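The structure appears below as structure tokens.
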Amino acid sequence: MLDQEQGYVTADGRQIGGTVMDMRNITLRFGGVTAIKDISFDIREGEIRAIIGPNGAGKSSMLNVISGFYVPQEGDVYFRGQKRAPMRPYEVARQGIARTFQNIALFEGMSVLDNVMTGRLTQMKAGILSQALWRGKAEKEEVENREICEKVIDFLEIQHIRKTPVARLPYGLKKRVELARALASEPKLLLLDEPMAGMNVEEKEDMSRFILDVNDEFGTTIALIEHDMGVVMDLSDRVVVMDYGRKIGDGTPDEVRNNQEVIDAYLGVSHD
Amino acid sequence: MFYREAGDFKTSYQDDNQTFPIKFDRYRYYFVLFVAFAIIPFMINDYWVNAVFLPFLIYSIAAIGLNILTGYCGQVSLGTGGFMAVGAYAVYKLMTIFPEVSVLIHIVLAGVITACVGVLFGLPSLRIKGFYLAVATLAAQFFLVWLFNRVPWFYNYSASGQISAPERTFLGEPITGPATEAWAAYLVCLVFVTLSAIVARNLTRGSLGRKWMAIRDMDIAAEIIGVNPLGAKLSAFAVSSFFVGLSGALFFAVYLGAVEVGEVFGINKSFLVLFMIIIGGLGSIFGSFAGAAFLVLLPVFLKNVLVGGLGWPTDLAAHLEFMIVGGLIIVFLIAEPHGLAQLWRVTKEKLRLWPFPH
Amino acid sequence: MPEQLVFAMEVFLNGLMAGVLYALVALGFVLIYKASGIFNYAQGVMALFSAMTLVGIMEGQVPFSHLINAMLGTHVHHFGWHLPAVLGILLTMVVMVGLAWLVQVVIFRHLVNQEPIILFMATIGLAYFMEGFGDLMWGAEIKKLDVGLPQGINLWIDETTFNIFDYGFFIDNLDIVATIIAALLVGVLVAFSQYTKQGRAMRAVADDHQAALSVGVSLSFIWVMVWSVAGFVALVAGIMWGTKSGVQFSLSLIALKALPVLMLGGFTSIPGAIVGGLIIGVGEKLFEFALGPIIGGATENWFAYVLALVFLVFRPQGLFGDKIIERV
């Protein structure tokens, strides 16, 4: 079985394990348009896997397949060695897959803290009657989960805005809150859809640091879609390259950088 | 300078989570409760009870119910009148089938029955969203009114089609029926309101409330991060309908005493409660009270000023009332979509700094 | 031919005609919704208001007479003139265009970009306001409206069907005229929307406000135009229903009837409004005819809604509506 593969240790001492997510022969169609054509790749535990490619290549669709929002017409998704049965997106989330969204999907009617707390919803079990009474079980659970969320809030340095309604926040902070919400669920696999989009150099550095810290401290497996090549090359252990729904490259950043097909389709050649 | 939080630091999440974190607010809340429970019952008379307090208290419960469904969970319902009718007819049947059981238990049971009906009519919300759902709830409204009008079992085969609340007592004091005293009716409703508000507050501040708000704000993202939309929406319908049913039961048994379903629980009732939560503030328990107070007091005020004071005919006052309510809805939607509750919040924030400007 | 079948045919025909009227009212909604994303709950009240204004203008009523009398202690009610129907209709149209302009400027210009449900609630507020305003302006009593449309049983149909079926169909002349006028109006509106420059601009606005703005379409003009057209449709509907049952409050409830029509046909579709109207019109009457006596009668109060609801569960966008695609 795939997840018996041997792990290894990276140059900077991080532990990479066996396969945690295996996409096999995924084909996704919308009516007459084929968004993803027969793509297979895997993600290993503890690594940072980048998915890159030109616009319209199907990267977000691939992320949506991983998080269960789209169901591929062909192919299978294996998570932690188990083939994924037909299930709703919220059941996928409960398995331990969290994500951020390309166009920020925060809950604008709530504060930062409440948004981060929604990340804990899959773990909060108190029933409706105990919540109606509040004192006792429900309050205890609320305080426990609040502590977990506060740790995430500390980690991402957003304490000063925890009671602010998210609608009032600038773009960069919204992205950070979305990351906090995803982290609050203590996911096994974290999917980031263009986490650096729309950021300046400083903000990108901050976000890169957070992503590396998440991977380093918690060992979270991360798959990210990103356009900034510098970020991709610096952060990721392995890269998948997509173009027009097909996979045209799969390997370490160096391997991919020198792949002719990838260069033609996406990277381009530098003219000295 | 009276209203401040300087020096009032919270040292536990429990304290941070409380309903009234600022001391002044908390004392104000206790004071209001004291006046409501200990002072008003001694000062009250029939007119005030019937014109102001009972409708205010009962509509507050209905408004809390609708606010949970529409304000917190984003599912618009135009079926509030119909669900109040369910509560009323449920309590009527229970009272007449089990006359020995306390009417207070029947009222709660009526709420539970309404909750079940609410879940049933809420099932389409899984396929139909937003505005289409609002229209679908109209189906519930019209069907329910028709049902209670046409199926004689519901009104115990009476010739008039009306239902009348038989007298029931609690601790020896009549609380339904014509012998009920003003203060008894008032206290019964007050107790229900207080408990309802506490329960509603608890539900909306916990994980269930967050599930509801997540569905309201972005239901697709909510599902992707792990919220089961079916569970969240149906629980919103259930809890909301419970409160609406409670208010319908009280409306019939304690307030009106006799009801003809088409007049009392028609679509105008649905709109009335909807207006209460729009004006009062969507997604706010306080707003439910504010909106209910406003829409109960407005016709009383107009009647006293225009008819009593200026001698205008009553239908003119009624027409003006329509214009004012309709106009206010529009004004609030344009200028302050979060209603009176938001205006109140902004006022409090300014008061926290007073007398300093910032 | 079996008697029940003959009765059913009569019911069917009456249902078709009711359906055409529903379609007409629904059309007013579709137009506004297509152009602005607003579901105008006030359409029914607008029909009532336009009919009241028509009667008021034709009969020479003094506007706000009730109020003026209460405030000043006077007893004025009428100016004393009687205007012909055509002039009355023209003047009423002027009023409705003015109303359309006011509604746009005072209300909806400030609500651009809000979600549909907020816009819907604003139109509910508008409906309440207009109801009070209309009552204040013209008085709330039932008024008789007579613009010269033929009424009463159509004798030709009565005789002909009697000769064929041994049973004379009762089809009211007014319904026939209403059907013809409504069908004409529908045809004109469809042609307008598809083939004229303004119609094209309206469809552009319905598709994408920003894009329409960027090609030079004036949003305010289109919206005032759309609300005026809706006002005209409301007036026609008001005249039809008002002639039939008198100008009174229940006229405003037509709005509520149009909702299931739109749910069935799809909110954005003109053919949908027509087909939906016919289905509801026929379905309602046939259901009441067939099953009404068994389950208690007056099923017309809710049948349309339940039918539309059931339909929506299986096809959330209605028969012809745009399929709702959700992206994340």
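When the chains are written out, they are named A, B and C in that same order, and each has its own residue count from 1.
The rule we apply is simple: contacts are C-beta pairs under 8 Å (C-beta built on N, C-alpha and C of every residue); 3 or more make two chains touch, one makes a residue touch a chain.
This one's a predicted model, so the numbers in the text were calculated from it and none came from an experiment.
Trainee: Across all chain pairs, which one has the most C-beta contacts?
Mentor: Looking at every pair of chains, the most contacts join B-C.
Trainee: Work out per-chain C-alpha centres and flag the one nearest the whole-protein C-alpha centre.
Mentor: Centre-most chain by C-alpha means: B.
Trainee: Averaging only over C-alpha atoms, locate the centres of subunit A and subunit B and give their separation in whole Å.
Mentor: Computed from C-alpha means, the inter-chain centre distance equals 42 Å.
Trainee: Using the average of all C-alpha atoms in each chain as its centre, how far is it in Å between subunit A and subunit C?
Mentor: Distance between chain centres: 51 Å.
Trainee: For subunit B and subunit C, what's the span in angstrom between their mean Cα positions?
Mentor: 33
Trainee: Note the residues in subunit A that touch 2 or more other chains, in rising order.
Mentor: 69, 101, 105, in rising order.
Trainee: Counting only residues that touch at least 2 other chains, which ones in subunit B make the list?
Mentor: Where subunit B meets two or more other chains at a single residue, that happens at 220-221, 224.
Trainee: Quick check on subunit C: which residues sit in contact with 2+ other chains?
Mentor: If we look for residues of subunit C contacting two or more partner chains, we find 328.
Trainee: Please name which positions on subunit B make contact with subunit C in the complex.
Mentor: The touching residues are 76, 124, 127-132, 134-136, 138-139, 142-143, 145-146, 149-151, 220-221, 224, 267, 271, 274-275, 278, 310-313, 315-316, 318-330, 333-334, 337.
Trainee: Touching residues of subunit C toward subunit B in the complex: what are they?
Mentor: Residue positions touching the partner: 39, 66-67, 70-71, 107, 110-111, 114-118, 120-122, 124-133, 135-136, 140, 256, 259-260, 262-263, 295-299, 301-302, 305-306, 308-309, 312-313, 316, 324, 326, 328.
Trainee: Looking at the complex, which residues from subunit A come into contact with subunit B?
Mentor: It is residues 67-69, 88-90, 93-94, 98-99, 101, 105-110, 114, 117-122, 124, 126, 128, 131-134, 138-139, 141-143, 146-147, 150, 181-182, 185 of subunit A that touch subunit B.
Trainee: Where on subunit B does subunit A make contact in their complex?
Mentor: 12-14, 17, 199, 202-203, 205-208, 210-211, 213-214, 216-218, 220-229, 235, 239, 283
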